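Have a look at these structures, which come just after this line.
In what follows, chain A forms one complex with chain B and a second complex with chain C.
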Partner chain A sequence: MAESATTLPPAHRTSRLDIGSLLTRHGAWIALALLILVNLAITPNFATWQTLNVNLTQVCAIVIVGVGMTLVIATGGIDLSVGALMAIAGSLAPLIFLGKLFPLPHPAVGIALAFVVPVVVAAAFGWFNGWLVTRLRIQPIIATLVLFIAGRGIAQVLTNGNLQVFNLPNFQFIGLGRVFGIPFQAVLMIVIVAAAAWMLRRTVFGRQILAIGGNEKAARLSGIPVTSVKQRVYLISGLLSGIAGLIVIARNSAADANLVGLGMELDAIAAVAVGGTLLTGGRATVIGTLVGALIIQLVRYTLLANGVPDAAALVAKAGIIVLAVWLQRQSHR
Partner chain B sequence: MVPLLSMQGIDKRFAGIPALRTAELVVEKGEVHALIGQNGAGKSTMIKILTGYYRKDAGEILFDGRPVEFSSPQEAQRSGISTIYQEINLVPFRSVTENICLGREKRRFGLLDWSAMHEEARTLLARFSIDIDVRRPLMAYPTAVQQMVAIARAIGFDAKLVIMDEPTSSLDEREVEVLFGVIRQLKASGVSVIFVSHKLDELYAVCDRVTIMRDGRTVPVAPMAQLSRLDLVTSMLGRELTQVLHEGHDAGNARDDVREPVLKVSHLAIGRKVRDVSFDVHPSEIVGLAGLLGAGRTESVRAVFGADKPDAGTIGFAGTENTISAPLDAIRAGMGFCSEDRKLEGIIPDMSVRENLTLALMPQLARRGIVDEARSREVVDRFIRRLGIRCTGPEQRIRELSGGNQQKVLLARWLCMSPKLLILDEPTRGIDVGAKAEILSLIRELAGQGLAVLMISSELEEVVEAASRIFVLRDGHTAAELKGDAVNEQTVMAAMAHGHEEAQEAAHG
Partner chain C sequence: MNNTTLKLFQGIGRYGVLLALLALILFGWLRYENFLGTFNVLSVLRYNSMFALVALGMCFVIITGGIDLSVGSTAALGSVVAALLSPYGVVPGLLGGLAAGLAVGACNAFIITRLNILPFIATLATMLAASGCALLLAGNQSVSVSYESGFVELGQGDFLGFPIPAWIALIAYLLGSLVLNLTSFGRTVLAIGGNEDATRLMGLPAQRVKALVYLASGGLAGLAGVILAAQFGAGQPIEGVGWELFAIAAVVVGGTLLTGGVGSVGSTLAGVLLLGLIFNILNFENGLGWISLSAYWQSVIRGAFLLLVVAIQARLSMRAEEAA
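After this line comes the complex of A and B, so read on.
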């Protein structure tokens, strides 16, 4: 064995190593580039504004939630409640701007409150998750399961289970509006991704998040306020879920407590994993989560645009996740 | 008479590093045999080889006259070797019988044979002189009885040899008495016991003979009664009394009692491990905390740093009293703490040298929450140079560094905060000789510049060399304060074994 290894030409060996480390380190980017190249070759009308916009809008909510999920996972936790919190925020907003909760002095006030109140409520629920995790020391997967189950119930009680339909362009700008031809939600998404990536890299808070995920005991002994950092991270995850909930109902011109954000927790976790964030915490990339979500979306788009049924696309999605997590393990050897 | 157990010439290597070297252990029938040694001396490896958890590389094991090599703890158990671990798990709301027969229920015609099982439980407990209604739930009985039930269950009917691995570490004094009662019962009925403990009093209370382990080797067996406490401690630590030199210390003699101590701990108590611990540290002074494993050293300093909550006592630091309730408070007040487990509580493996080094300093390096990278790099470069940290650069991941260089980064993590007091728990554990010397000389240099250092080390030589004053802890109490000429290995070992008076005598005699 040893002999055969030494007889290999050295040039060959180094090139193989390079490809290996390149794949594991920048696998997500390479996959995204390949997908775009393949689509340029085979998918008709791929290089158009419309294709870009369709794919961006499909991916916005997942990325925004995924940013919060990335931060939570970076501390070594997980947040299963994001979909349910989207449903709460999505149900609350129409109740406010339709004046069902309290009489409105002016429609503009209703719209302003419909943006602020649901997001604040979702953030408060997120903080509650953090409280369960830090103060009651419940494992994150169980602690957030509480609102995963109860949250959608709360949303249904709020709306009596009714579908709320509306047409309110001022509010729906968040889901349907455009800035210089680019969907407003995509702009919002990019701003959130950029802010979170900068925060993770440059601020004390970002370092503290990664330190906690990397070694919580060492972080505590180095004076990092573990409890407060974790609570803030879950709060941010809740807040971003709230924003995503508003985008989804604005896009649909309707809020259905049963459907808003359904399965979102899994999509977000998948995007985080494919993007290259370590699921055990300590290493995280927000840009990676964006790329991960784009890959999953593009694979689905490629298959659909080329006539493969949606059910088969789901299998492809699962395959990507397996591949991504396997690559990640390789790089950790 | 043929001994019940005879392990001879046992060798074991882990990844090429010897853990056991021709170790031997001979246990007679009906004997309580103590197995003692420092952490890493090879006690657990020895026991795990006996019970089939590990495979030996060389040597021979005779059990009950036959050569054996168990492939699993279950197989060892079937052959009559029971092991009782530190924690005992039972189901409190089920009956005594169910607890005893759990996993080996008797059946008749496919149904549980309750009367046979009750009978079995009663007979088993009778062996330990326990007469209780086995149909009642376990929680109806006091803890001591529950403890006995647990031990009875573990031992069962067939045990010829019972291994107790630090069985008393989570028991209070009354429960320890109960356990000793059981051990005497076992002995009376011809069962042998291997008793692993760090508490010397317990060894003298129940054990007949002792095997002492050191660096994977065994010291010849001796009857307990023929060994003094001092003999035990010196054999464990590997120093012959004749070798111990009187290394007088002139440094620091004039220093104490003149200035106010920066740290003053009085009558500290935490759980079962720390009962009454007092010590103090002055500026510019290196104070050692010595003691056997489980004496309460680490627990005490963790409480000082706010990592654990004390039950009683006062901790005075830099003019305040009991104001520290979390590590963050301690750090703000001017303390640093290098934990004994570098991997588990020190480094953040995936982060760079720079990020690890500035972890505690980070809030001070930031303006409005944004890290000032330029200042951070400046601090890191300075400390890499000053401590001679060998790395490819500040961005190298700390996991790739050697143990000694990782420890230097952790020291720098605190030194860059300009602390008043630095607490070092086993600062040289798992570090090569060169780095060890470097770290110790650095500590001395820092103390010369006014830093107060509180140092725990299991290597006696190291503490005696570095410290100008040593507090010796024993079973959670401060047993002695040694200073001046009394700071030598002999007095420290005497204090570890006996307490204060004997230490004084040893110092003068």
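After this line comes the complex of A and C, so read on.
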């Protein structure tokens, strides 16, 4: 992929090798293109504005969370708490703008705070994950398991497990609004993906992330501030989860602490894996994660649109994940 | 890490959970009437035996340095298959659920050992697939169990005054403990977690043992599914969400290191009971009427508990590293 920085491909030798490496390196893009072509051929009404919008809105939250996950995985870590943090942010926002936490001087203040506070809280929990990983040196999978278990509980305790229903167009713009006919959430997603891709490829911070994932000890010895880089990466993952939580509740006009972000950690990891990021760290592609999420979504859409039940689509998704990771392994032999 | 500090660390990890469990039981006994009454003890054991089975398989997997995320949906699949076969009797239901679990375990073993894909991602995929299969077989709804065939006895019945699911779990743990401590298979399991390459170079059948470990984990999850179906009278395709992480938490609380190579079957059981008792004590506390904590608090408390345990473990291992 474009941003895979640490393992640049070797000098091109013969044209035949090129086709092979092209297939494995750009497999995700090719798969996406094939899926689109197949759909154009068999799925009725595929090439419509509506289809595009439906599919984009389905992947937005996954991609936004997936970007944070990509960065975490690039450092050699994992973040299981993303779904729970979405639930916390998603439950907190309605509590704020409905004035249940504290009296509001003006509705606009409530909406502004409902955007800021949940995202800050989610980022703070992300920072806490990073603290556990770096200061207490707990393995990422266990460190983030703590908030995976406790986080949703916190959201449920906050709302007493009740569904919060609302109708607040100004707040819900983040999930339902449109800019020039494009869903605002898709615009937000593209901005986040572009910013993260640029950061990973062009900034010192991005290079440091990949260096840590490649060889943490070497990174530390070469003077990279490993602790602070990792801490920031988990913070970013929490922050993006918070944003995704707001999008989901805005889209549904309701916040249910039991359901917001349920299973999101797995969807995000799947998108990252299919997109071509190395799960052991050191090589990452943010745009790949976008493509990975689109592939998984398009397969599901293709099956659903052609009358295959959703449960069978789950089996197909499993097959795609295994196939994608296996192909990547073959190409890195 | 030198040998004495390592032993000290392992000792605290191993017996710490037992001490905590005893403290919790003592607390409950002093505070609540009937806490140690037959009814409460037996229902706690009956309910937690499913989780105990899943955690046992997870314990072996984690000792090899791997992870099995598919156990929850495997249990769901097992419960659906068992429920579908329950009209034909106890044995078909039991074997059907077990076979479904073994099938998922075999898929895991194949993907991990033959395709060389990380356990984390391999079992993530089979988790989705098993869940899809369970939903397809069940037609997206729960499947009632036949009450005529006696199948429900597997979950609701007693044998010698002790719940049958608890017997099953007890036997599984005894076997598990024997296998891990007294057989060459068990020693290979520990060796793989310590250093997989070295194990292979020593000529031990690392791949085969790893494959068997995932197979066993799947089978135990299938068995847990059978008990689930029998206990609640229905095969439940959407049950089992989060079981894998509960099992991991129980194993970790039990002092088994996630890096592999170290672990104990007995303290995993203690970990399961510890996490299970938190829920039980919460119920009793609400029964006293002083405070009213909703069931949602249990996950917060469990998370806090896990945090406490891993923080202590981390501190101890850092101490041990400094001492070395």
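Just so it is clear, the second predicted complex is superposed on the first by the 314 of 333 C-alpha atoms of A that agree within 3 Å, B and C clash if a C-alpha of one lies under 4 Å from a C-alpha of the other, contacts with A are read in each partner's own complex, and residues count from 1 in each chain.
Keep this in mind: contacts are C-beta pairs under 8 Å (C-beta built on N, C-alpha and C of every residue); 3 or more make two chains touch, one makes a residue touch a chain.
Since we're looking at a predicted model, the values are computed, not measured.
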Fit-or-clash call for chain B and chain C when the two complexes are aligned on chain A: fit
Per-residue contact with chain A, leading partner among chain C and chain B: C
Touched partner set for A:Ala218, first chain B, second chain C, both or neither: first
Contacts of A:Gly161 with chain B and chain C, given as first, second, both or neither: second
Partner chain(s) touched by A:Arg283 [first = chain B, second = chain C, both, neither]: first
Which superposed partner A:Arg207 touches (first chain B, second chain C, both, neither): first
Chain B versus chain C as contact partner of A:Gly319, first or second or both or neither: second
Which of chain B and chain C A:Arg232 touches, first, second, both or neither: neither
Contacts of A:Leu136 with chain B and chain C, given as first, second, both or neither: second
Minimum C-alpha spacing, chains overlaid - chain B and chain C, in Å: 5
Residue ranges of chain A in contact with chain B within the complex: 202-205, 207-208, 210-211, 214-215, 217-225, 278, 282-283
Contact footprint of chain C on chain A as seen in their complex: 78, 80, 132, 136-139, 141-143, 145-154, 156-157, 160-161, 262-263, 266, 269-270, 273, 279-280, 309-315, 317-319, 321-322, 325-326, 329
Interface residues, chain C side, partner chain A - complex: 67, 69, 111, 115-118, 120-122, 124-129, 131-136, 140, 241, 245-246, 248-249, 252, 258-259, 294, 296-304, 306-307, 310-311, 314-315, 317-318
Contacting residues of chain B [partner chain A, same complex]: 305, 307, 327-328, 330-332, 337, 339, 344-351, 355, 359-360, 362-363, 366, 369-371, 373, 413
